[in-house]
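Presented sequentially are two complexes of chain A, the first with chain B as partner and the second with chain C.
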Partner chain A sequence: MHIPDGIISASAAVSGYAATGGLTWLSLRGIRKQYVNPRTGIPRAALLTAAFFAASLIHIPIPPVSVHLVLSGLMGVILGWFAFPAILVGLLLQAVMFQHGGLTTLGINACLMGLPALLAYFIFRLRYVFGWEKPLPNAVLAFLAAFLAVAFGALMAALLIVHATPAYMDAAAERTAVMALSLAYLPVALIEGIFTAMVVIFLLKVQPDLLEGDRR
Partner chain B sequence: MIAEAALSSEATGSLLGRWEARFKLPGLLMLIFSFAFVRDLRLLLPLLICAALIYRFSGLPLGYLFSRLRLPGFFLLAMAVILPFWSGQTELWRFGPLALRLEGLIGLLLITAKFTAILSVAVALFATTPLSQLTIALRTIGMPWLLTDLLLFTHRYLFQLAGDLRRMRTAARLRGFLANSLSSLKPLAYITGSMLVRSHDQAERVFQAMTLRGYGNTSLPLPVFRPALSDYLLLGAAMLLAAGFILAQYML
Partner chain C sequence: MFKKNRHAGLSLLVIIFAALCLPIIIAAGIAQAHGVELEYVERNAIEVTARYDTEDPMAGAQVAVFAPDSPAEPWLTGTCDSAGRFFFVPDPEIPGLWEVQIRHAGHGGLLRIEVDESGISPAGTTGFTGPQKLLMTAAVIWGLVGTALYFSRRRS
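On to the complex of A and B.
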């Protein structure tokens, strides 16, 4: 879901930066409310960001192919408000170091991964609303959070690729392209949901305070 | 990667390498965004010449650019397969159900030229700027300190954790684990969970050690910043070029 430079129109790229600016401001406000000293959260967020980007190198076999994980849902579940800045920084590093993604599309790419991560954060927070502490309901919420995060991200990417690239298609072809691109991500969303639920069950058993960051 | 060790002496001694990062970053970013505005085919040649000149001023070998273009080039390859056959109405050539379309070909030409130009300037920018200077430049153009701190820390841990993960997966393989079906999802999830737990524990220790060494102390003096005349001139030239491309796009 990384859109490279030169693919989308300049207006879409500028809008992406504007939206990223707004979401970064919102996230920083959330972090300041959550932490007395926001600096205390940085090493943890940075280490986890690095861990997420290393983990996204894991390929899950779906015979006959294999897919790599997006992990935006898991980032939202664990990092909370730090998820959006962490994704922005991770994407910047990827663009700078590996030319993966793009500079003009950094804003767009941050929204494509960061907004679903925030959505996952809010879905997973429902466990406090319902007072769920047992593994099964938490795993169901984690599955929903990650599944919807990937599906939402894929839908946004498909809409963007079809509408903001110099592709001249009729309305029917556009609808087909959006549908095909979104459906292609459905197996990934399912795998990601199950994977995130398993990681959450593991963390609840081994170190539950890792999932409690947003309660502070 | 763009860490200091990766910078060759040719790149650091080049015109771009000597250009102060606080001027180079906004200057070249403006130019890169002006490239993104181009939609007129007549501007593609000047755009590519401009990008080639900037890359030439970086002192980097051409092979380095090609190696950097390889990974994002796959997306371009996918566009090359899709756009000319599915986009547009004007058919240039038909072979059974496949039709080559003019609008798709024009779209592909635009994307390829802009992609190559933007990537060339971006590679020149980052290969001649150490991460430490890049971070200072990002602060200068208004990036919040929380993001720049996060950037430095993440860069510090990225390779260490990739190594940790590699070792954990090797250990799992040595114990007979093979990721060859969907049933390997659970062990892979547990490996990821273990890595997150280890990272979290390490982060707590790192933060305590850094606080002892003065992290977060804002009373430390900042280094004095004295830009040279050449920094201003290069920034002016980049701004003029960027304005030129945007104006030309709207006037043509």
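On to the complex of A and C.
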């Protein structure tokens, strides 16, 4: 899902940065509304940024390709509005350190992973709408949120890559390769869904206020 | 009459001979058009190997080579073989920074190769070694954990 430099056109990269700017502003406004003291949310965000940063280094071989965990669903479920800035920082570190992604495509990549994280957050918030307190419905909701986040992200990335293939590249071959890669994200979505559900069950038992912070 | 006849017979022989020879001459001519001239010269080729950071080769990845004088139009396009390799010979008439773009399903990278009149720059790579990656990851994680500890400290 990390789009490297030189794959998409300059105009797409610029629009990605513009969208990321807007979403960052929206997230910061959300944080200010939600927290009396935004500093209390930073430790959680920093630790999950570390997890997000390291997750891309853990590869899951799914022949013929190898994919890695994205954790956008987990970020959204636990961090809420903090997820987008956290993902932006994590992506910047990945791009600068490992050339995983790129600096010109940082905006696009932040949208590709940050938007699904916000989607997961809004799905998981349904538990307040329904008033669910027990672990099982919460776990199902967390699974759904993380699963849909990965699927949504993979779909957006595939559409973007196919539409932004330069004329000199073989578009048909690239489309076939993208299809194979997108299907490989299906097991990743399942794994992340189960993982997020387990984390939510664990937090509900051990320290529910880590999730409760997003009540308002 | 007899003398004349003898001349006629001779001419007939010549004509028959010529008629027999003609296909052979034509055939020889055609055979000459099928001849192939082969020659070879020694050139410095560049071997590009594309691997994912899991060490799996990027088999079937698309390659575009850009000459220094036209950064928008590819000078050559091709595909990596099953071992993720791609060979090309840069034009020594166009010195400068040659760029090789590798792309497979949205994954890819850019390799820059310096080519000047004297030849091609020695081997290069875009990746890091395992221990380097480990140290960089540890440093980043420590920085983030430190941030978390800093912001979660009790106010005195």
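Simple rule for what comes next: the second predicted complex is superposed on the first by the 182 of 216 C-alpha atoms of A that agree within 3 Å, B and C clash if a C-alpha of one lies under 4 Å from a C-alpha of the other, contacts with A are read in each partner's own complex, and residues count from 1 in each chain.
Heads up, the rule we're going with is that a contact is a pair of C-beta atoms (placed from the backbone, for glycine too) under 8 Å apart; a residue touches a chain by one contact, two chains touch by 3 or more.
Predicted, not measured: the structure shown is a model, and the values here were computed from it.
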First, second, both or neither for A:194, with chain B first and chain C second: first
Touching partner for A:15 - first (chain B), second (chain C), both, neither: neither
Touched partner set for A:180, first chain B, second chain C, both or neither: second
Partner chain(s) touched by A:34 [first = chain B, second = chain C, both, neither]: neither
Touching partner for A:210 - first (chain B), second (chain C), both, neither: first
Touching partner for A:92 - first (chain B), second (chain C), both, neither: first
First, second, both or neither for A:5, with chain B first and chain C second: both
Per-residue touch tally on chain A - higher for chain B or for chain C: B
Chain A positions touched by chain B in one structure and by chain C in the second: 3-7, 39-40, 42-44, 46-47, 49-50, 53-54, 57, 59, 61, 93, 97-99, 166, 168-169, 173, 177
Interfacial residue positions of chain A with respect to chain C in the complex: 3-7, 39-40, 42-44, 46-47, 49-50, 53-54, 57, 59, 61, 65-66, 93, 97-99, 157-158, 160-161, 166, 168-170, 173-174, 177-178, 180-181
For the chain C and chain A complex, residues of the former touching the latter: 52-54, 56, 60, 62, 64, 73-74, 77, 79, 101, 103-110, 126, 128, 133, 136-137, 140-141, 144-145, 147-149, 151-152
Contact footprint of chain B on chain A as seen in their complex: 2-7, 9-10, 13-14, 24, 28, 31, 37-40, 42-51, 53-55, 57-63, 78, 85-86, 88-90, 92-93, 95-104, 165-169, 173, 177, 191, 194-195, 198-199, 202-203, 206-207, 210
Of chain B, residues touching chain A in the complex: 1-2, 29, 32-33, 35-37, 39, 68-69, 71-72, 75-76, 79, 83, 86-89, 103-104, 106-107, 110-119, 122-123, 126, 131, 134, 144, 146-147, 149-158, 160-162, 164-165, 179-182, 184-186, 188-197, 199-200, 202-204, 206-207, 210, 215-216
